[in-house]
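In what follows, chain A forms one complex with chain B and a second complex with chain C.
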Partner chain A sequence: MIAEAGLAALWFAAVLALLQLFLVGMGLAGGKGEVLGAVRPVAILQGVLTAGAFVALISLFLRSDMSVLLVATNSHSAKPWLYKFAGTWGNHEGSMLLWVTVMGVAGAAVALFERALKRDAHMATLGAQAAISLGFYAFLLFSSNPFARISPAPADGQGLNPLLQDPGLAFHPPTLYLGYVGLSVAFSFAVGSLLTRQVDAAFARAMRPWVLAAWIMLTLGITAGSYWAYYELGWGGWWFWDPVENASLMPWLAATALLHSVTVLATRDALRAWTVMLAVVAFSMSMVGTFLVRSGILTSVHAFAVDPERGSFILALLALYIGGALALFGWRIGTVREGAPFELVSRETFLVVNNLLLSVILGLVLIGTLYPLMTEAFGHKVSVGAPYFDRIAGPIALILLIVMAAGPLTRWRRDQARAVAGRMLIPAGVALAAVVLVGALAWGRIGLLPYCGLVVALAVGVGSLAPLWKRNLRRTPLFTYGMVIAHLGCAVSLAGMACDSAFTIEKLVAARPGDTIETAGWTLRFQRILPLAGDNWTALQADVIAERNGRAVVIHPQSRFFASPPTTTTEAALLTRWNGQLYVVLGQEADAGRWQMRIWWKPFVTLIWLGGIMIALGGLLALIGRERRGWLMKWRARRAMA
Partner chain B sequence: MKAKHQRLILALAALVAIIGAGLLAVSALKDEAAYFYAPNDVKTKGVKPGKAIRLGGMVVKGSLKRAADGVTIDFNVTDGKATVPATFSGIAPDLFKEGSGVVAEGAFDRQGRFVATNLLAKHDERYMPRELDGMTYNETTHEMKAAP
Partner chain C sequence: MRALISLLLLMLAAPVHAQTALPPAPFADRQLDDAALERKAKALMETIRCLTCQSQSIADSNASMAGDMRSEIRERIRAGEEPEHIRRWLIERYGDWVSYEPTAAPILWPLWAAPIVLLALGLLLMRGRIKRRPRA
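And then the complex of A and B:
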């Protein structure tokens, strides 16, 4: 019953999306303004229904209802409840249902909470949201039905990919999707504003909180995914330039550019056409990412099934929506009036450069990701990996960060080059000191890119605090703090990346129980190997005493074997200290009695994710800071009325 | 400065950035794109020592040897037509075994031995390195058949 109810809710939601599109069309183009009153309730109901369908699927997974094909192929009754729950989206159909749910709920939120837009623009936005939702409902219902039954029902399920059996699965996909699909709102805003010819500062102020919210979630999702891959895969790396990771990075780059250009449009009424374009590009990148991940064209832990039909379906949706939006852009952009002018030395210019550099990185990552697919069409098998991406993204990102530190020290509209240089004196001094200091300490021991990374991180870290210099800290608005913390987060993250790549110490040994291994100031005493059993796995676990500066801790690296499906995973032992992380992986038995062990000491590696969290926190403060003004004003207005 | 001039400067900067980025991408792709080689490609086309490539094929039965240090393995990779010796130091994936498909990332040394820095084997029973799609290996005759 639950499965049928879920499916019915999905169909009903799809019909409502069609109705919503129809009502908006009739109201705006057909001249029947009175039907527009029904649009908001329809959008809200649509969101409720998709959420209902999603809850239905979750409950099927929690009950291990093996008569549902998706549960039977992806779950197992012996799994802990957390993985039954999170396993709901650990497969193709479930993750697409999550996608559609986020889209429906985001549409409902726009219907409920959006107050700043004019009515016709609001309605056109909801119409656009309904139009893109429709395509994904069709995809779900016609080619990826999550509620299909299987008869006869198998006695038990086939289990979840063991790599996914981790608390990370409960957090990473939902946050990532909230960001990924949340960008659809920006896309709909852009389409709606083009249709109703309202590309102006008011439009940007209305769109900004939605972009910010999606961007915060995307940042958190990527940070969580990076940390998860870092500890789960046992390779000691935190970013692999895997096409699937790039698929999440590209929307983030576009959204970051959008976030800044929308601010220029909201405060200074410049960059109108460009902001609309970026809003289209950002969600387009989400769709390109979904195509790459879900079509099965790439092999990875994220690609659950290889099915050419699904690939072509998403490709068709992609062509339709991106092509449609670009066509609309080309048709209507002539009607967008020129924005306000600004001088060459101004904050606007810095933000334009920020956008330019982010777009360049985005383009280069896109080329690197698609190149293997293109050459394969011509019969060459090529892989483009970390060396390409490091070489192109590294230097440009460093320049971008320098611009990031300088921008907030420049005034809007017009500034004096000399004054700007004066404000940058302190960060520049720090940079100079860092060049000398880092050079003296580590020259010759570390590569050029990590060296530049450390110098830039130090200088930008100080530079990003400079906007607070000589200001009354209590009267500084919350969104300024948000910007400062987010920018500082970038420097913190960069420092972590540079330290990890410059100073990591690795040791590979085959050790017998009783052996002592010395590395990077740590003494590791390998005690013994013990067998262990969990809910749906068995494991070999090593007891290792890790000792530094006289203090000892026992750690347990594991090698886990899962019976269904049969897979082995490594569970690295991590020991976090303020100045780094000890990372120990247990390998295979090398020969009688000797065990392979791979040990890393990674100084300050945790700064990478701390920086990510700071960036998201900065976004949250900016969001609250901006919105609070609106709330306060509304509250005062209401009090004045009463 | 007039608005027109200023826009011209920005447009020029954008143009320079885009052209520069394009050139950067082309040169980086030329240097860094790792081409996939089967052992027979290595024999016929030749690969310069030190050039990063991906070598794919099957691990020859009986060729897998562990060195005394316990962490280095030597093995041969074949595609049925040619065989290449390879070495790897580290923790090999669990599904890396004789008679099984492997894609190794690394480069050849001067002696013509492939030094792998990373081994990609099957993640689980359903996964096959993409480059080996459709290939089958006969364990007794060491013959590999390409996709039909």
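And then the complex of A and C:
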């Protein structure tokens, strides 16, 4: 029953989306303005129905209803409830339903809460949102039905990929999807504003909270994914330039650029066409990412579906929406004036350079990710990975960070080059000191890129605090704090990356219980190995006493075996100290009685994710600050009227 | 005759032998004693693709084949072979696919032009924007 109800809700929602598109078309192009009143309730009902369908699927997973094909192939009755719950979206169909649900709920929110836009622009936005949703409903209903039954029902399910059985992974996909779909709202705003010829500051202010919220979610999703890869894969790497990682990085890069250009548009009414273009690109990147991941065109841990039919379906959607939006852009952009002028030395210029560099990095990641696919089509298999991306995107990212520190120290519209240079004096001094200091400490021991990374991180860290210099800290608006914290977060994260690649100490040993291992100031005493059983796994666990400066802690690296499907995973033991992390992995039995152990001491590695969290927090403060200011202004206006 | 029988036996034995869990190769997870050589080996390993996993280098893979390749690389480095020579040997055996190093295959060279082209395009766009700026 539940499965059928869920499917019915999904069909109703799809019909409502069609109705919504039709109503908007009739109201705006057909000249029947009176039907527009029905659009908002339709959008809201659609959101409720999609949420209902998703709740239905969750309950099927929680009940382990094996008569539903999706549950039978992706779940198991012996799994802990958290992973039954998370298993709902740990597969192709479920994750697409999540996508559609977030989209439906976001559409309802746009219908309910958006007040800044003129009515026709608002309606056109909802029409665009309905048009995008329709494609994904069709995809779900025709090629990825999550509610399909299986008869006869199997006795039990096949289980979830054990690598995905991790609390971090339970919440990583929904976070990313919230980000992806948030960008679909920005896309709809852009299409709506193009259709109604209202590309202006009001449009930017209406779009900004959605861009900010999506960007915060993407930031958190990427940070969480990176940390998951770090501790779960068991080799201490935190970013692999895997195509699936790139698929999440590309929308983030586009959203970061959009976030900055939308601020220029909202504050200064400049960069109109460019902002619309970026909104289109940002959601396109979300769809390209989804296509790459969902089509199985790149085989990876994440590509659950290896199915060409689905791949071509998403590819068709991709072509339709991106092509349609670009055609609309080309058709209408002639009527959009570029907006307020600015001089070469101005904050606008720095933001344009920021956009330029972010776009170049985005282009490089896209080309690098797709290049092997292109050459493979011509029968030549090649690999593009970290050695390329590090060397090529790394230096550009460093320049970007320097621009990031300089931008906030420059005034809008016009500024004096000399005055800007004066404000940069302290960060420049820090940079110089860092060049000497880091050089004296580590020259010859570390590579050029980590060296530059450390110097830039120190200088930009100080420089990002400079906007607060000589200001009344209590009067400084919340969104300025947000910016400062986010920019500081970038420097913190960079410092972590540079320290990890410059100073990590690796030790591989084959040890017998009773052995003592010395590395990087730590003394590790390997006590014993014990078997262990969990809910749906068995494990071998080592007891190791880690000692530094006279203080000892017991840690337990584990090697886990899952029966369904049969897989071995390593559970690294992490010991976090203020100045780094000790990372211990228990490997295979090398020979009689000796066990392989991989031990890393990673100085300041945690700064990478701390920086990520700071960036997201900065975004949150900016969001609250901007929105609160809007509410306050509205409230005051209402008071003044009364 | 005896040689033939032993050959036959060997052929029969090989699959059986492959099925038993082999102990990992000697240097799969054992560092070279010379730190400089180990660094050299590690740098090479980070640019060699694990053939049985998804988008991982052999430097961070649990796959047994990656372990064998790590061991092979460490032993060759210890024997004084140059990293690029080992890379060429691996590419000959497994194809260009095995190497992440973008300088290795001519088919990857266009990738190096990408940043220059993109930056030039962007600057061109930007220059046009600032030039057109009317004086307010």
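We adopt the following convention: the second predicted complex is superposed on the first by the 636 of 642 C-alpha atoms of A that agree within 3 Å, B and C clash if a C-alpha of one lies under 4 Å from a C-alpha of the other, contacts with A are read in each partner's own complex, and residues count from 1 in each chain.
As a working rule, contacts are C-beta pairs under 8 Å (C-beta built on N, C-alpha and C of every residue); 3 or more make two chains touch, one makes a residue touch a chain.
All figures in this text were calculated on a predicted structure; none of them were measured in a lab.
Contact with chain B, but none with chain C, is seen for A:565 once the two complexes are overlaid on the shared chain.
Touch criterion met: A:161 reaches chain B, while chain C stays clear of it. Of the two partner chains, chain B is the only one touched by A:594; chain C is not.
Touch criterion met: A:233 reaches chain C, while chain B stays clear of it. Once the two complexes are laid over each other on the shared chain, residue contacts for A:352 go to chain B and to chain C alike. In the superposed model, A:519 lies in contact with neither chain B nor chain C. Of the two partner chains placed around the shared chain by superposition, chain B and chain C are both touched by A:392.
Contact with chain C, but none with chain B, is seen for A:243 once the two complexes are overlaid on the shared chain.
Legend: residue contacts after superposition of the two complexes on their common chain; A:504 is shown touching neither chain B nor chain C. In the superposition on chain A, the residues of chain A contacted by chain B and by chain C overlap at 234, 298-299, 301, 341-344, 349, 352-353, 356, 360, 363-364, 367-368, 371, 380-385, 387-388, 391-392, 396, 508-510, 568, 570, 587-588, 590-591, 596, 598. Those residues of chain A lying in contact with chain C across their complex are 233-237, 240-244, 298-301, 338, 341-344, 349, 352-353, 356, 359-360, 363-364, 367-368, 371, 375, 380-388, 391-392, 396, 506-510, 568, 570, 587-588, 590-591, 596, 598. Against chain A, in their complex, chain C makes its touches with residues 23-24, 29-31, 42, 46-47, 49, 54-57, 59-62, 95-102, 105, 107-108, 111-112, 114-115, 118-119, 122-123, 125-126, 129-130, 132-136. The touching residues of chain B, when paired with chain A in their complex, are 1, 3, 6, 9-10, 13-14, 17-18, 21, 24-25, 28-29, 31-36, 52, 54, 66, 69-71, 89-92, 94-95, 105, 123-131.
Across the complex, chain A meets chain B through its residues 161-163, 234, 298-299, 301, 341-344, 349, 352-353, 356-357, 360, 363-364, 367-368, 371-372, 380-385, 387-388, 391-392, 396, 508-510, 565-568, 570, 585, 587-588, 590-591, 594, 596, 598.
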